[in-house]
Each structure stands twice: as structure tokens, then as C-alpha cells.
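Heads up, the next two complexes both have chain A, just with different partners, chain B and then chain C.
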Partner chain A sequence: MTIKTGDQESPEDSTSRADPKPSVKSPPPPETPAAVQTRFRVIAAFWAVIIFLGFPIWWKTTSIYRASLPIEEMVDWAGGKPFWQACRPVFPLDIHLATPSMQSADAQHLLRTTQHTLDDLNEFAAHHLRLKLANDSASDYGEGDLGADASGEVADTALTVRLLPQENLLGPRSELHAAATQLDVFYPPNQVPAPSSWNSPLSTYIAEELQGLYGEEKATIAHILHTAGLASTSPQLAEDISRRLRRSMKYAETYHLSFSLFTPGSRPSSWDIEAAVNEYVSPLLKALSPISDFTVDTQVQLYANFAPTAPKPEFDESEAAWTLKKEDLSAFVNAAEWPLNPSIGSGPTINFILYVPEPSQSPLIVKENRASSWIVPQWGGVFLLNPTLSNDKTGESNPAHLSQDSLGPAFMTFSHQLLTLLGTPSTPASLPLRLQTSIRVRAATLLLSASSTMGSLASLTESLPSIPIPATVATSVSTTLSHLSSTCSHLREGRFGAALASARVAETEAERSFFEKSMVGQVYFPDEHKVAVYLPLLGPIGVPLVVGLLKEIKRIIAGRKAKRAAAS
Partner chain B sequence: MSTTPSSRNTMKDRGIVVFGAAFVLRLLLTCLFPALPDLLTGRVEVSTPVNSFKRLQEGLFLYTRNVSPYDGGVYHQAPLLLPLFALLPDAKSSPLPTAIFYFLVDLLNAYALLKISQSGQSVKSRLHTAVRQHVRWDGVSVAAWFLFNPFTIATCLARSTSVFTTSGILFAVSNAVGGNSVNAMLALGFASYLSLYPTLLFIPLVLLCYDIRAQGPNPPKIGLYVVQHAGLLLASIAGLLGLSCLITGNFWEFISATYGFHLLVPDLTPNVGLWWYFFIEMFDSFREFFLGVFWLHLASYVGGFTVRFQRQPLFVITSLLGVFAVFKPYPSISDASLFFAMLPLYRHLFPLMRYTFFAVSAILYSSLLGPAFYHLWVYAGSGNANFFYAITLVWSLGISILLADAVFAALRDEWEQQNPDQKGAEVRQV
Partner chain C sequence: MALLSRFLQAFALLLLAIAVSAEHTSNWAVLVSTSRFWFNYRHLANVLSLYRTVKRLGIPDSQIILMLPDDMACNPRNAFPGTVYSNADRAVDLYGDNIEVDYRGYEVTVENFIRLLTDRLDEDVPRSKRLGSDSGSNVLVYMTGHGGDQFLKFQDAEEIGAWDLAHAFEQMWEKKRYHELLFMIDTCQANTMYTHFYSPNIIATGSSEIDQSSYSHHADNDVGVAVIDRWTYYVLEFLETQVTSVTSKLNLGDLFDSYDESKIHSQPGVRWDLFTGQEQEGRLRTVVDFFGNVQNVEVENANATEPGSLKEDLAEIARLVEKWQKRDEEYADVLARNDTDESHSSSLHLKPKSKVGPTKMTEDGSWGKRLVGLAVVGVCSAIWIAGSVLGRKSG
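And now, the complex of A and B:
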């Protein structure tokens, strides 16, 4: 409608009205050549604007910029399963064998036989253990460095096995350090394998021990890489692994940890949270820093009631405690009223709730197993803290302040829950070893995820030729691809820390390129819709312009013909 | 025109009466209804993001506190207005000085209009003499039409900064018809500096100047004349931009906050124009393209009108002002009031116009229903954006019809002048 009104005043119409015929009896005077000339100029003026300004603007603003992407390489990375054409991830773990009290030749022989046995036992070629003799046995074992030397050219040492002779032993015996990447193997001196034999109880023992240590990791990686199940993986272990993967959070560059103290009454109203976090959580976060970044925030919420629909705790005479049924635990967190921030900034939040029941319901425990804590899968953990009640004239009451000591058990539990939520395997017992496993598992996950994102992006850009591809996407893609290949080469050389660092960059860049906002704007915009965009406005404007142009051309042609006829 | 001294004196007296009455009327409105200026300032029909007095106050607040006025993203007007208004007392505590300043600007605009009317360019230019050249109003009546137009009064009371653009345009024209082409270019430079779109008036204005100049002895070559004046216009704009740069310090920030804002239309607050609704609905990826289309549409009339009416450049300016009132990015009723101010100069065309009744009723209808529908949509919540948009369509339709009718009448006038025997003949479209 607006366009119509605009056109009514457009000069072509006006010029066509410029020669009105007064009546039939007296024919209108013929148009003067000057009037014809003027009309021609008017039409030319409009078309000049369209051709010299309109078309360049149309071309400039509606052309779709598509940066060229290395489609083939991207498809190679995503490749068909079971494995990629571009990279075959392998996990060679370097294990140092420290033999302080053994002849070098003996040690070499033991190494060879053990490696042989290991290779025999191993059935998942991508993940294998490489034994090496620790040449300077006194140096670096004991420190779980977790691949801190990411840039180093040397492969990370996964584990140091120290062989210690001990008298009065019937068979070899091992001991894993809980806080270090070190396995002490005690053996009776007489079991050192003879140079002639290819098999000895000691080497078999070491091989089996190592196999046991890395069994879960191997199964997990096989699971992630979708290799056919390992024959040796027991159904029990497979179940454990998939359960753990279900429970753990999706990988994120940054996690937000939120520690909350909830209590239904007015006390306790303060807690030694800073000291507790420094004491129990910070060291763990430092150890986890190669895997993800963490932020910590805390809150205290008083008068936090259960949801009205949630089942109330019941008093159990036999336990002399208030109990919650196991099946009711899912309703424990009052998600509607408790101010638990679903996410702070980008990245998921892991919630840890410390719940102090009111004195009339203390102590509060879980009915079935007398536990006081549980994990909410992919969300966080809950701990029921039953502090010693103090008696004063108003009756029993909670302490007003929770000291660091009373928070100790809760925060030990929280750090354990954090490890579980991050998908750290439950075995072996040594924490550094578990974190190393975590690094490898994460690297494998990210490698897989980033390369499949690349594949999706490649097929997206190929199947939708109308979407724009900004230059930033091309940059992100090339960064991703280079980091993917460096991840792969780091993995091949056993530098898992560096591999994870590269994989993290690759994943971030891959996500950024895939979720680039300006790309998806036109996804649901097929070419046919352009008619609907252009016609309503440009149609009404264009018709008089085109008709005017055609009339002028006709007139010019007729004039030429008449001239030619007159000439001949 | 033969005016005896006595009639000149009566005209002078009438002029004083009209100007005085206009001033008193505005003063009375301000004093009797102290809330009226602020009410009008907040109306979307009067205040757009590029001329709102409220936004000017915000810019002024930042400016007087030595913060860049464009920091808040609210102020989009030219920086030279700031030192000017900083001289006036605060409009919040003592509104009268500012109001009187605006009244005086209005009277000056009316005076410029009076000058234009008195020059007689609208009926008799160098190359064209209207057939009904004696059917006309004198300058005082034309000024009265402007001064007592409710749209002008509303704009003035709302203290919209469009009145300065109006002054720039009217003084450019009045200087042009008075033969002072240098001042005309300076005034047009001022208007362009404030609102960007008056630049489009350059070609008809320079033709107007040339017409006046060519009536004198040894006229210069037209090409050279146009280039000289283009240089003059550019120099005046450059000078004003340089001054602004001294005030704001950051050249690009100021350019993008003012002219960038005019060109890219990022603020889609409803107004009486056609752009806001269209760009709310537009797909993002086509936004730039249609911005180009809209601006080109606006600009394309310049060439066509100028070619067609090259013998009466003042009429080109008038009709372009009508086009701007409908199709510019942030139109307000002040643009319409400028168009309505120029139309009475063409009193001799009125007998040739055919749809005046329809146009006037459409304009009245929309000016009465527009505020009502806006209220229904925004405050009562019982309507939606389409209510108000429909009214703005009617408003644009009304002005467009008036404009098209005036253009038709002018064409008819030219034709009658060429074919005197056909005068008064019945019109039939073929």
C-alpha cells in the first residue's frame, strides 16, 4: 500500500498524465519533441540510480561470503568408524622399571620377558604399555607430574615400577603408592629370571599387575573409541564404565563449583568455607587444572525448607535416627525454592549441598545404608551434616558456626564426588594414576568430539550451499585441524598432557566454528523465499519503471524505423 | 506586483499582528498548560530518536560533565547543538528561556517563508510563469499558515531539534530566491550537517540560485556554477564537522553516532514513518539491502523531479520536502509541517488539484486516530503494533496524495501554459 502511494507520485506516472486529452471532438495537441525528450530524461534519471547505485548495493549486500574450508581434510578427520583416516589414536604408556639392586643384564632380561608377557596379554592394540629401564633410578619417581611438562619432547612417564628384593617372601608382592605414580614390587631374590628362561614368575607377576592397573582405563578408552568390546572386559566392568560415563558431567572448558550450606533453621549461619576449600578442594583443583578450569563460589541459605511434596524424614527407632528412604533422595533438593544457580556464565555448574538438619530431626541419614551423602548424576552432590547439638535454655540447637574441622568429612566427600562427577575412574587406588587416566580419557573424548564436529560442519556446509561462511569459521577450522593433528602426534609419542592441551583448543575452536551465529541465520531460508522478500516492495516499484523503460524503447525503435522508411 | 506605500504599510501591520499573535499563542499554551511541552516531547509522532529534546537533554547532561555525549547511546544529534543549549538555562528548572528561544526560531522560519513568498518565485520563475499567477496569497498569509499550523505549534512546544533543520532549509531557499547564493549554500550546509538528508536538496537549490543569477547580467556557465556551489556546500559542511570535532574530540564516534544512525536506522522506535515497521519485520540478512533500497528510493526522486520541473526549481524543492516527510528514516510531524508550509506558496495550483478533500481528510483522520491507536497499543495493551502502523500508513497516504495532486497540478499548469487554448478543458486520463 505504501509502495503504491509512493508510485503514484513517481514522475513516470506523472509524465504519462502530462498529456491529458481534453475531449474527443478536439484532439489533444501532439506532444512536443521537448516533452518527449523530458520524459526520456526522467526515465533515464530513475534507471541511472537503479543501475549505478541499486545494483551495486544489491550485489554487495546480498552476496553470501563463503570462506573456503578444507572439506576433504575435515571429512577425513570425521572419517568412517571404526577409525579415522587422518589419525589413529594410540596410547603408548611409558613405564619405567627401576631396579636398584639388580645387575643391568638381569634387569634387561627381566624387562624383555615382562614386555613379552605384557604384549601377549594385551588385546587392544591402541593402548599398550612400554617398559623402559629407569637409567637414573634415583631421580624422578615418586612425583606424579601429571604431564606438567606439556611442551617437553620426552614422553610422560606413566608409572615407575620399583623392584625391591626382600628376603623371607614366598612370592612377589606389590604396593601402590596412593599419592605418587609409583608401584613397589617386592620379590624374593631367588626369583630373578635366569638369562636362559623366557618366562619367570616375577615377570608374569609384574605384567599381570600392570595389566590389572590399567584394565579399567583400557576398557574405558575402548568404549569411547567404539572399538568392539574387549573380550577380557568383564560384563561387570563394562557396566561400571558405562554407568560412570552416564553419571559424569559432559566435558566443559570451565566448570563452576558451587558450595551451598542449607539449613531449615537459623543456625548454623556461618562456616569456615574458605579454609575448607583451601584445605580440601584447592589441591585437587590444582591437580585437575590440565583437564579443565574451575571457579568456586559459595553461599549460605537459612530457612531452606523441603519441597511441600517431598516425603518427610521418618524416625527409625532401631537406628535412633531420622531416615530418608533411598528412593526419596531424588526429591530431597528443593529445586524450585533453593537458589541454586543453574549456570554462571558459560560452562556447567556442579552443585555441592551441605545440609544441616534442624535439631528436632537430627541425626538425619539414609535409611538403607546409613550413608550421609549421595551423588546426583550430572548435577552435583549432597552431604548431610549432623553436628553435635549444643544445649542451652531454649533447648537443643545447632552450633552457630561450623569450624573447618567439622567440615572436614563433608569436604572429603565432596572432593571424592567431584572426581566421580568429572568421570575419573575408580581404580587404581593411586590418585595421580587416576588423574593421568582421566587426562588420557579426556584427550580421547575431545579428539573424537572435535573431529566429529569437523565432519558435521563439513557436511553442513556441503548440504546447505546458501549459508554464509565467515572468515572466522575458516580460521577456527584450520586451528582445530592443526591442533587435532598435534593432539594425535602427541598421543603417538606418549605426551598425554600436551595432547590434552591441544585437544582442548581443538574442541573449543571446533565448537566455536560450528555454532557461529551468522551461519545459521539463513539455514531455514530457501531460495524460493527470496521471491517473498523481494516482490512485495520491489514489485510495485519495479513495474512502472520497467513499463516506462519498455515504452521508451518501443518509441525509440519506432522512431528509427520511421526515419529509415523516410530515408529509403 | 504593484504595491502602493499604504498597502505596504498595512501589510507590515498585519505581519506584526500575525507574528505577535503566534508568539502570544505559544506563550499562552506554555504558561496555561505547563505540562504540555513535556507531554509533546514524549510523543512518538513529534520526537524521534534524531530530534528528541529529551535525548538532547541527556547529551547536554553528559556534555556539561565532560563525558562524551555519545557514550550513553542515547544522543544522536549534532554536537554543535550542545554548546548552544549549554548557554541556555536548564530547561528543567526554568523552561521559559528555552521555550522562548524555540518560539523565536519559529518566527524566524516564518520570516524566511515570508521572504520566499514575497520574491514571487513560486508563480513566476525565469523560465516559467504560472497561468493563474494572480491567484495567490501574500507573504503574511503564507507565514500565518505556517505559524498557526497545529503541527508547527506542536513541534515548537515539544522543542524538537528539527526546527533547526527547518530553519536551515527555509533560509537556504529564502537566500537563494533573494539572490544570495553563498548564504544559501551555507544554510543548506547547516541543515545537512544537522540532519544529513537536506543534502539531497542541493541540485534543485543550485538550479534555483542559477535561475536568479541568470536573470542578472552576464550569467556564468551552469557547469562551473554548480561545481563552485558544490564546493561551497562541502566547505561549509567540512567547517561544521571540524568544529564538531573540536567539541567531541572523537571524530569517528561522533560520525557513527549521528550520520551512521541516520543511515543504518538501528533504533526502531515507532514513528509516523514507514521504516520502523518494515525493518522490524525484515530478515536480518536482507537488512542492509533494504536499507539501500529505502535510501535509494528516497534519493531517486531528486533526479526525476529535477529533470521534469527544471523550469521551476522551487517546486522541486517543495515536492522533495513532501517526499522526505513520507519516506525519510525518522520522520516526524515537523517534516510534514515544513511541507505544509511550502504548499501555500502554490496557491495558484489549488484550483487544479482534484483530491484535496480526500487528502485532507486522510491527514485529519490519522492525526486524530494516531495518538488514540498508539495509546491502545502501548498503554492500554488492547491493540498491537499493526494498529499504529495502519494509521501511519494512512498518514503517509494522505501526504502522498497531496503531493501527487500538487505534482499533477503543476504539470497541468505547465501544459496549459504551453497550450493556452486548452485552458479549463476537462481532464481525461488516456
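And now, the complex of A and C:
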């Protein structure tokens, strides 16, 4: 394309140099249209690759995938505490009234008046008791079916009240069955309310009795839902409730129970653990199964010493026992050396430690109140077992084997500690009723925590635009939302077992969506970083391409102008 | 009168609510050193000194996350193998025989640190490597390393920005993973690291202002390198000499007032404005609220009889046990009557463990994948053949 003026001398050049006329530097000959065409095509090809291949690939590979989430709905669920926009949790409890020896009209009337009194007494609208007459044929007096019929369309029966006439009574009296959800009310036959009266001692008595039974549950649920304190809640009860909520474990789908035998010497080296767990713990776990799943692990650790910094037990003459001070108990567990907290699965571990002191330090008790067990909030429980020492030639020693009977008190205590750590309320004095209460409390807690997780996720999505949101999160979110609303409708209809079941699903899915592993980008890139990354790469390539493009555009414009000039 | 008593009750409840909200139920500590190599001995010593202090004040290893990117104790240049000292007097061996490092070596990365804070970890990550804090936890985050304006270098090639950290804390707050958080950082231009925080209930303190270096305190001539940084040294001096037990009543105000710029050689900073109640309230938090461990052990009184007490519960559990035994017997009877000779009486209690055998990895869509692969190869070769044929024609 250009004329060679180099130092290579061709014969023609030498002849021209012989020419006396000085050579005029001639401009390059005009490009052939074919060459222009080729150059245009080359530039166009480069740019086509950039625009149609490079740019989409860059876009695709650097864009962050964000599945669309139903943000508004999520915010609604988490939204206003006083007026729930998506769901207003209510707890209608069905209470069956069994009146085997009463006319049905009388029974109806008693039911109405009692219900009336109950409604007057109630001040927390979300939690109310609904009385129903039990048809006697089908009254199986609730064997504590804790949400057994989760799919059933009927509301769970919370309690059966059996009215039994009894002669020689001055006023009504009641008796709560400890192993069933049944309350027996004995009344003098003359106290059946007359059809004309709207108030009778019997109905007032029943209403107050029921109110008392469910007082703590009501206060707990009000506390969880952040309703302003109920006026009837005594400060003492409120303090108890908040203390219990503080020490109980965070909810988990699965809890690992770990029973460990620690002893500073070589004995006891075996225990009847399987029998003891079967005997004392399994029934409770069975009863708790609608709330959570449990796995059980056990271990025996010999030669387990206290931490070197831990205070040593002291001998107390007056008690004739070795004692630990109460304030030192938190240092009792040698967290550094005792192999606790095994990393099994995903759920939290509840540790139960059975400690057998060495014979020279036996019996070992807590100084303040001679207790032998304590609870470590949100962690587990400890029981000091002082077995009868056996004397042999070498002196006193612990038995080599702990039988099931000797483990009895310890494992009963562990069961009690488990109930406490799971946040089971302390009243009423009937275990099935307490478990039912904890089902309702758990359902409320889960409903609240899953919906607040939804809110957190929504606000996170909005405030961090650089975070990726995979499709699985969207799926989890929609599962959560649907289960939340089904929880709500189950609650409204009084099916608490079913409500808890779907609240559990909602909670699990909500946690999964929030803690989705791929939602951690290298979150924030400042703009300087982007320049620093792209410039060394794109600069050297970009400059010739852009300059070529500009020149080509200039040429085309010039060509057009020339053509127009020629035409005019 | 009734109205008045109502008011009083409501007031008592309000007071109670305030008292409760100020309380925390567990303590967690995240202690991070971010630099490698022997000449950064002091950064590991900083972290290990803090580790020793929080452990002394009762936070168990299971609630301390310790991140050490290098192993000074076993460094071949260490004249005192197996030990790390933070003072030239070498009185306290920080490595000791009781130390649990959760993230070590190349595990200490920005990504792992952020994953730790936000708990976005694989399901199979053990619990000892997770920050299991909840809405009742006070969290202490201590970081040290080499940093600059709004960044802190991790190892050799990475850095964490002030925004990254702020976003991570915000995610923790959103998911209620802390109650109150104390952030401490000892690095050059440390105070720039907390400028972007925007989540509530954080108290932040750093060793030096923007454009200031943080200096090391002194070197040990036998170890051959500096052994501790100035700011950390004086914080530790306060913690070790004045906060002698978990019952100490000294508060954060006292700690921050103890900063002496003439000794530290840089201007330490404190940020209160995110804390509920601002500086007034924040100053009243005791040092052990963050450096110590609350563990209100509850001793059970074996003689109490109020509802929910041990005795009552034991009786109820005993009844439950009895009931289940009865049920078991009935069940066994039914089984026996049904002529099933398998004895299921004991298997009612515990589900038989399902045998977990080796299973094949999922093969969903493996055929589909093969087809896609084949198609891709086919298309590529078709293009190649077409190209060569066309090329021959035009050539």
C-alpha cells in the first residue's frame, strides 16, 4: 500500500536517481475500493465479535443471579407487631364438658353461663377457651393425644371437664388428673344453676378454675407475641416466664441428647445406660415427639479431672460431706478437656453429665442447699451421684458397675432438666397439659421467628443489591409462606398439633433460605477495584479497536458528504 | 384506687421489661489475627493474649472462635519451640497446653470470616467452627493485622473492606445473632474500619486514627521480633491488673478512659452512636459483659414443692413412666395374642436404628448430561468440518 523508500536499492531506483530532476515525494496512491472494503469488514468483524459474543458473555458471567422474591408478602408477615397484616394468631382452646348425670337442658344452660363468665374473665383476646358439650358415647377422656391427628379436621380437645355430683359437699371441688387431660369437678347436686339465673356458684367456680389452669400459658403467649403485659399477670409470674424463656434452648428440629458418665478414677467403668434411657427418658421423648426429634448418645469417661483453675471441693464438717460453692458451679465442667459438645449433625446438643466423685471426696454436694444437681442454662444439666462405697483390701472404692436402679434418681432428674431446658411451663400440675401448652407456645414462637426471618431476608435483599439469590431461596420462601398461612389457619381452628407441624416446616425452610450458602458474595467491590481489574486487560485491546472504529466512521461520513456534494 | 394499682402494675412490668432487655444470656468471642509470617509474631501474640484473658474470665472454648493464620509456636525460627510470649519477661506461655484453634493457616480467609459471622456455612461444618450466638448473646470481635484506610489485609492476597464488615454485622443483626457487640481492632488506621457500621447495638473501638500507624510495644531480643502491639498491650494491662475476676464491676467507660495517647503513640477511637442509649448507656456496660461469661447456674432445690420444681416433676415423670410401662405390657399382650412371635415390647421405646449402608451417588439426569455432551461435541465437529470444506472451496 505504501511506497517503499527504504535503503534497499533496486535497479529501477538507481536509474531514477540518475535522473537530474529531484524526486518529488508523491502521495500514496488512493486505496483500492477492495482494500477499503476489506478493512471495513475486518473492523466490523471485530466489533461483531465484541458486541454479539464478548459483551453477552461478560454480562452473563459477571451478573448476579437474583431470583425474584415476594418481598411485599414477606414484609407483611414480619410487619407490624400490634396489627398483623398477614395473620393474627389466635388460640381458641376447645374444652369438653362431660356431664354424665345432668339433663341435657341443664347442661346446655350450665355451659352457656360458664362460657359467659369465662369471657368476662378473659382479657387477652387472642387466647380464649371454648366450651363444648362432650357427647358421652365418644368421650374417651383424652389420653393426652398430643397432636396425634395432625391431619384431622376437628379441633384438638385441650381438656375434658367431667362434672360429677357428690353428696355431702358444701361447695364444688376439683381434681386434676396428673396423667391425662382431664379435670374432675365434684359438685353438690343442689348447685346446678336454675334455668332462670345467669349466675351460679358452680359455673363461676368452673370458669375460675379453668382460668387458673391456663393463666401461665396465657401470660407466656402474650409475652411471646409482645402484647403489653396482662394486668392479671403478677410480676412474679412475668419474671418466671422471662427467666424460663431465657434459659430454654433455642428451637431446633433435632436435639442431640448426650448422656455422659464422668469419674476422676477408674471406677465405675460401666453403667446400665440402655435400660436407664429406655426406662426413664424414652417415655418423655415419646411424649415430646410432636415438638422435636431427639437422638441419644452416651459415653463413659474415666480419669476426668477438674480444670486446673477450677475451685476444689471443700470438706464441710457440719454436713459431713464435700461441698461445692454455688458460685463455683459454672466452673465445674472442664469444657477444655472433657469431650463434650460432639459435632454430630446439625442440631444443638443438650449435655447431661453424671459425675461420680472419687471415694476420697464422697459424698459431694452443693454447699448452699445440699442439692446434687443443677441446670446450666441453654447447655444441659449436671447430676452428682454418690454411690455406696464398697470396702475392700485397698480401701474404699466406687462400685465398678452402676445398675439401673442406682441410675434411677439421676435419670429422673435428667428428664426433669430436659423439660426445663425445653421451656415447658411449670403449671398446671399435669404433664400432658403442660406438654400441650408447650405445643401451643412452640407454635407461637416458631410462627413468630419464621415470619421475622422472612422480614430479615426481605430487607437484606433490598439493602444489599450485590448479594446473589439462588432459585432455591425463592422456593424455600414460597414454602415458608404457604406453611405460615396454613399454621395460622390451623391455629384459628384450634388444631394445634397440625399448626405446630406446619410451623416446624416453615421455620426449617425459613432458616434454610436465610442461611443459603451461596448467598455470600465477596460482597462489596469499590469502583476503584473494578477499574484496576479491567484497565490492564481492556486498555491495550480497546484503544486500537476504538480508534479503528472512529476512523472508519469518519471515512463513511466523509464519503457520504462527498457523494451528496457530487449529487447536488 | 383500682386504676392506680393498675398503673403501678403496668409500671412495674415496664421496669421489668427494661431490666430484662439489658440482660444477655451468653457470651461469644471471635478473635482474629490476619497476618502470616514470623515477623508478624506480635499479631498472633495479641490474639492469644486476648484469648487467654477471655478464657480466664470464663468464656469456654466452645464459645470462642480463634482464627490464627500461622503457627508461631512451631516456626523453625522460634528460639523457644512450642511457646508464644507476648512479653519479653516470658512469664506466661500463651500457647500453653490448652488451646483450641478453630481456623488455622489458609483457612483464615475473608470468605470464611464472613461466612462465620453470617453462619452461611455448609451443613457439615462442625459446631466448634460456628458462631452459635443468638438474640441474647454478647459478642466480642477482636481483629488485628496490617490494614489501611478502610481495609484490613488477610494473609497475603486478600483484604476485607469496611463495607464488607458493616454488611456482615448488619446481617447478624437482622437475623438476631447478637444482643450487643463490642468490636475491637488493632491495626494501622484502625478507626477507619468501623466508620461504615450501621447496625444498632455496636460499640466499636480502634487503635489509631486515619493516616496513623499503630506501633508495636517492645521486642524480645531472644525471640528476635516485636512481641505485642501498643494498644493491645495497654488494653491487656487494664484487663489483667484491674479486671481480676468475673465479678468485677469496672465498665467500658473505665477501659476506654484508660487509653493514654502518650503511651500508645496513636489516637485510639471509640464509636458509641450506634448503641441504644448512646455513650451514657454504653459506658455503663461492664467489661465482663463482653470479656467474661454469664452462666447463671440454677441449682435445683430438692425440697421445694412449688409447681415445676424438681420434686413435682419427678412425680409426674414417674407417673408417665408407669403409664408407658402399662401400655407396653398391653401392647405385648396384643402381640402375643396375634401370634406374632417377634417380641416388640422393648422396641416400642426406641426406633430401631436404620442401617445406613453405602449408597450410590445420585445419578439423576446423568443420561441427560451425556446427551448434552454428545450434542456439543457433534455441533463442534460439524462446524469444524463445514468450515474446512468452505475454506477449501474459497481457497
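General observations
In this section, the second predicted complex is superposed on the first by the 464 of 568 C-alpha atoms of A that agree within 3 Å, B and C clash if a C-alpha of one lies under 4 Å from a C-alpha of the other, contacts with A are read in each partner's own complex, and residues count from 1 in each chain.
FYI, a residue touches a chain if its C-beta (ideal position, glycine included) is under 8 Å from a C-beta of that chain, and two chains touch if they have at least 3 such contacts.
Predicted model, so just to flag it, every value in this text is computed and none were measured.
Once chain A of one complex is fitted onto chain A of the other, the partner contacts of A:Ala331 are limited to chain C, with no touch recorded for chain B. When the shared chain is aligned, no partner comes close enough to touch A:Thr298: not chain B, not chain C. More residues of chain A are touched by C (comparison of chain B with chain C). Residue contacts after overlaying the shared chain place A:Ser489 against neither chain B nor chain C. Of the two partner chains, chain C is the only one touched by A:Thr453; chain B is not. Residue contacts after overlaying the shared chain place A:Arg370 against chain C, while chain B stays out of touching range.
Look at A:Ala178: by the touch rule set out above, it reaches chain C but stays clear of chain B. By the touch criterion defined above, A:Arg247 reaches chain C but does not reach chain B. In the superposition on chain A, A:Asn278 makes contact with chain C only, not with chain B. Annotation: chain A residues 522 touch chain B in one complex and chain C in the other.
Residues 1-2, 5-6, 8-12, 14-15, 17-23, 28-29, 32, 38, 41-42, 45-46, 48-50, 53-54, 57-58, 60-62, 468, 521-522, 525, 533, 537-538, 541 of chain A are the ones touching chain B in the complex. Remark: chain A residues 178-179, 228-229, 231, 233, 235, 238-239, 242, 246-247, 250, 277-280, 282-284, 286-287, 296, 309, 326, 329-331, 335-337, 340-341, 343, 346, 348-349, 366, 368-379, 412-413, 415-417, 419-420, 425-431, 452-453, 456, 459-460, 463-464, 514-517, 519-520, 522-524, 526 touch chain C in the complex. By the touch criterion given at the top, residues 274, 278, 283-286, 288-290, 292-293, 296-297, 299-301, 303-308, 319, 322-323, 326-327, 393, 396-397, 400-401, 403-404, 407-408, 411-412, 414-415, 418-419, 422, 425-430 of chain B touch chain A in their complex. By the touch rule above, chain C contacts chain A in their complex via residues 6, 9-10, 12-14, 16-17, 20, 23, 25-26, 56, 58, 60-62, 98, 100, 110-111, 114-115, 118-123, 126-128, 132, 134, 136, 161, 163-164, 167-168, 170-171, 174-176, 293, 295-303, 306-310, 312-321, 323-324, 346, 349-350.
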